[in-house]
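Take a look at the following structure, please.
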Amino acid sequence: MKIIVCIKQVPDTNEVKLDPVTGTLIRDGVPSIINPDDKAGLEAALRLKDELGAEVSVISMGPPQAEAVIREAFAMGADKGYLVTDRAFGGADTWATSSTLAAAIHNLEYDVVITGRQAIDGDTAQVGPQIAEHLDIPNISYAEEIKVDGDYIIVKRQYEDRYHIVKAKMPCLITALAELNEPRYMTPGGIFDAYREKKITVWDRNDITIDDSNIGLKGSPTKVAQSFPKSVKARGQVVTLDPEESADFILEKLKEKFIF
Amino acid sequence: MGFENNKGIFIFIQQVDNKITNVSFELIGKGKELAADLGAEVTAVLLGYKVKSLADELAAYGADKVILVDDPALEIYTTEAYTHGMYSVIERYNPEIVLYGATAIGRDLAPRVSARVHTGLTADCTKLEVDPETKYLRMTRPAFGGNIMATILCPNFRPQMATVRPGVMQKLKKIEGAKANIKEFNPGFEKNHKYVEVLDVIKKPSSKIDIQEANILVSGGRGVGSKENFKLLEELADTIGGTISSSRASVDAGWQDKEVQVGQTGKTVRPHVYFAIGISGAIQHLAGMEESDVIIAINKDPYAPIFDVADYGVVGDLNQIVPILTEKIKAEMISKDNW
Amino acid sequence: MDLTLSKEHEMARTLFRDFALQQVKPLAREVDETEVFPKGTVEKMQKLGFLGIPISKEYGGQGCDTLTYILCIEELSKVCGTTGVIVSAHTSLCCDPIKNLGTPEQKEKYLRPLVTGKKLGAFGLTEPNAGTDASGQQTKAVLDGDEYILNGSKIFITNGKEADIYIIFAMTDKSKGTKGISAFIVEKGTPGFTFGTKEKKMGIRGSATYELIFTDCRIPKENLLGQEGKGFSYAMQTLDGGRIGIAAQALGLAAGALETTIAYVKERKQFGKPLSKFQNTQFQIASMATKVEAARLLVYKAAIAKDTQKKYSTEAAMAKLYASETASEVTSMAVQLHGGYGYTREYDVERMMRDAKITEIYEGTSEVQRMVISGSLL
């Protein structure tokens, strides 16, 4: 069984801060991590490896520095790593990203492709289903449990108020939720092997078969017209009083607003 | 590029167990606004099995037309059947704009449709407007955990598609007795390798009230300190007729269910009154509640960012203030028994 | 000369830091308060290979270097001094001598389970009358056929009772003084091997510190480690390595106190502004940070020396001397900057201050380190 996990390097948004003066993001010195949903997907793949002896490959599209997340995946136990990197891929929206990744995956053999549900820097949840469409395979999103049954995958698929137990024939694509599992830690020896033993395969524009009109900024149907820090409304009335007076203050305001 | 043939605003109507999800009505409401700017009509696209009876409700909330795709293959949501349905409708009718709710269904369906149609898709929009000059749809969404807003265009492909966060747009007042103008369409659903089988449907134990529907929310964060201490908030909520919600910290600590989490990774709410108790106000939390009509914050840290968005803030110990407030509200209610 | 860490070391630090923050820090206060050995944490570390970091893969270890191991102790000790010393005593004082001196059979039988997380190790040298003067050993080992018979006791033994495998020093020939000391591998559960009282300590209170008692304890002859009569020199060599571990523990305590204090002084306000805006605070923090960085350089240098040099006693002694004194000094400054709150158990710095003191004492007091250093110079 061959599993491909798509992983993205993202800034740890918990650590992203806003510049109080300009209102822009301060990204300097913010650590980069494997996107949490992707990491859960990797863990799910590694559990299938532990259970069934699957081969786990990770693939990441990004700048050359994204090799760090592939090394991290190696240190957790991934077998092979592919970095899809080229200036020509830059500025891609989800459509161009998914068509590029699908073209790269097309170079490989696979039974299951796992992606995270969404990336914390974009929150779009689009790339997984779009890759599946480009690969012409079924997708099951929002996986909370994954089982293999012969040639089939059985997934507990989350919705707001229910779960579907969904059965799909392999090859298929699954998008993983961070709730799927608790990803394992790397091991110290795994880290050393990741840097000293294992090799990352790097693919550029010429290593994948895809039309220029489907990659990068030019291949992106959506364009960012503008981005701006979130506007904040004017500060309200803040008081420091003793508990009794505080309660009275709130009560008064509730009455003013006709909540009573 | 000429898109003269692309006309109209189509809304994907999400129904589950033959009940329409609220966000679909919200999107019809927003669609009507956009339609006014474009001189277009709003068409509700209703997919399902034996769902024709739902069409009038769509008209009641403002849909000019309803395209009905009714087929046994659509009884339970699966990605391929619904993608094929929406794709076929788009190919056949060439809409200018298609909107979906950013739900667990919409966020699965819309990307797959966008890839099949080859058009752009903007996720989780909180604002939609028509550019007065170009007539392009301006789709605004939060990114980076709500730190930044980005406005996205899709100039060269049609339809322009977006998923929209539930609870952000407002539905129109229902017109009782409205009759739908229905167009039935069935592209045929022939099973292929992309179809999956739903072996079982397991409903989650239903939580009391959906926090997105609540009028008053009493929300607690890390500062509440423990699961037990949420009782103070529950008593306040019971007294004032509110519902308990929570920040991510309380969910992570296991004090509250994910169901009631407000924020970027939880739900967006806009109740009449939002009590933020022991919530410091991380940006990702604010993103989910700052549209509330009245925000009341109680926090011991005078520098907590929640005070920047609160209409009324009280610096102090919630353990002392909340019980007193609950008692005072009780007393107030008794004295105004005829209220 | 490049003083930056390699990418693999940086990633290892991230791993240790994440583990420490997620798994160790939440328990640190409770471990201190209840004086209960953090068994659960040890089991987690065993699964992740943290107890065999610098041991080769041949015996199931992680195949990393001493520096990686040191980074582990530093990060653990930043949040919990107890956890740091458990790993240090196990690795430096039990695994390391078996790795260096053991026969292939001994390595297979004892080193493999120690590094693959099945067993925990300890080291018994100190006796009531043989502390800094380790040559005053009174525990005896007498060869009787295929067995040695051990009699005597050891005190202040880290990981005592919790550990499964002990390196024990005993006199095999009293007439030869230090040249009559030998080293043995002793398993818990061997008849005649029992545990005395548990010490009640000022700091590292979750660490199990026990008296070991040997009463006609018979161990197989093949459990002699290395050669008979060389035990004292083995002990000294082992402690050279152990000192780097303790130096890393001290470094971690100091660095942890510094981080905690930086966060605190930015938050805490007096006279209408954060403490960090006062020049006294700024100068104190600058001094603390500089000392921590100096300690770090000495500790890392000693760790590298252990892997690349035949002798590294001086480097190890300097690292331990400076790092342990820095730990005491910096944690004390941290408490001072925290004011009254810093003295309470509501905050972590008082625990760090109590934990720091022992680093100036065990595995050779600061005075012993000065003897070692001056001995190499004069």
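Each chain gets a letter, A, B and C, in the order it is written, and its residues are counted from 1.
Following the convention adopted for this analysis, a contact is a pair of C-beta atoms (placed from the backbone, for glycine too) under 8 Å apart; a residue touches a chain by one contact, two chains touch by 3 or more.
The UniProt protein names, listed by chain, are A = Electron transfer flavoprotein small subunit; B = Electron transfer flavoprotein alpha subunit apoprotein; C = Butyryl-CoA dehydrogenase.
Nothing here was measured: the structure is a model prediction, and the numbers come from that model.
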Point to revise | Interface ranked first by C-beta contact pairs | key: A-B
Point to revise | Chain of greatest Cα-centre distance to subunit B | key: C
Study note, to complete from the structure: subunit A and subunit B have mean C-alpha positions lying a whole-number Å distance apart equal to 22
Study note, to complete from the structure: Whole-Å distance, C-alpha centre of subunit B to that of subunit C (Butyryl-CoA dehydrogenase), is 55
Revision key, fill the gap. CA centroids of subunit A and subunit C (Butyryl-CoA dehydrogenase): separation to the nearest Å works out as 40
Point to revise | List of subunit C (Butyryl-CoA dehydrogenase) residues in touch with subunit A within their complex | key: 6-8, 11-12, 14-15, 18-19, 48-50, 53, 57, 61-64, 68, 72
**Study point:** Complex contact set, residues of subunit B against subunit A
**Key:** 16, 76-80, 83, 103-105, 107-108, 110-112, 114-116, 118-124, 138, 142-157, 193-204, 206, 216, 240, 258, 264, 272-273, 283-284, 287, 290, 293-296, 298, 302, 307-317, 320-321, 324-325, 328-329, 332-333, 336, 339
Point to revise | Touch list for subunit A against partner subunit B, complex | key: 13-14, 16, 18, 25, 93-95, 98-99, 120-130, 132-134, 136-142, 154, 156, 158-169, 172, 179, 220-230, 232-233, 235-244, 246-251, 253-255, 257, 259-260
Point to revise | subunit C (Butyryl-CoA dehydrogenase) contact footprint on subunit A (complex, rising order) | key: 31, 68, 71-72, 75, 185-189, 191-192, 194-196
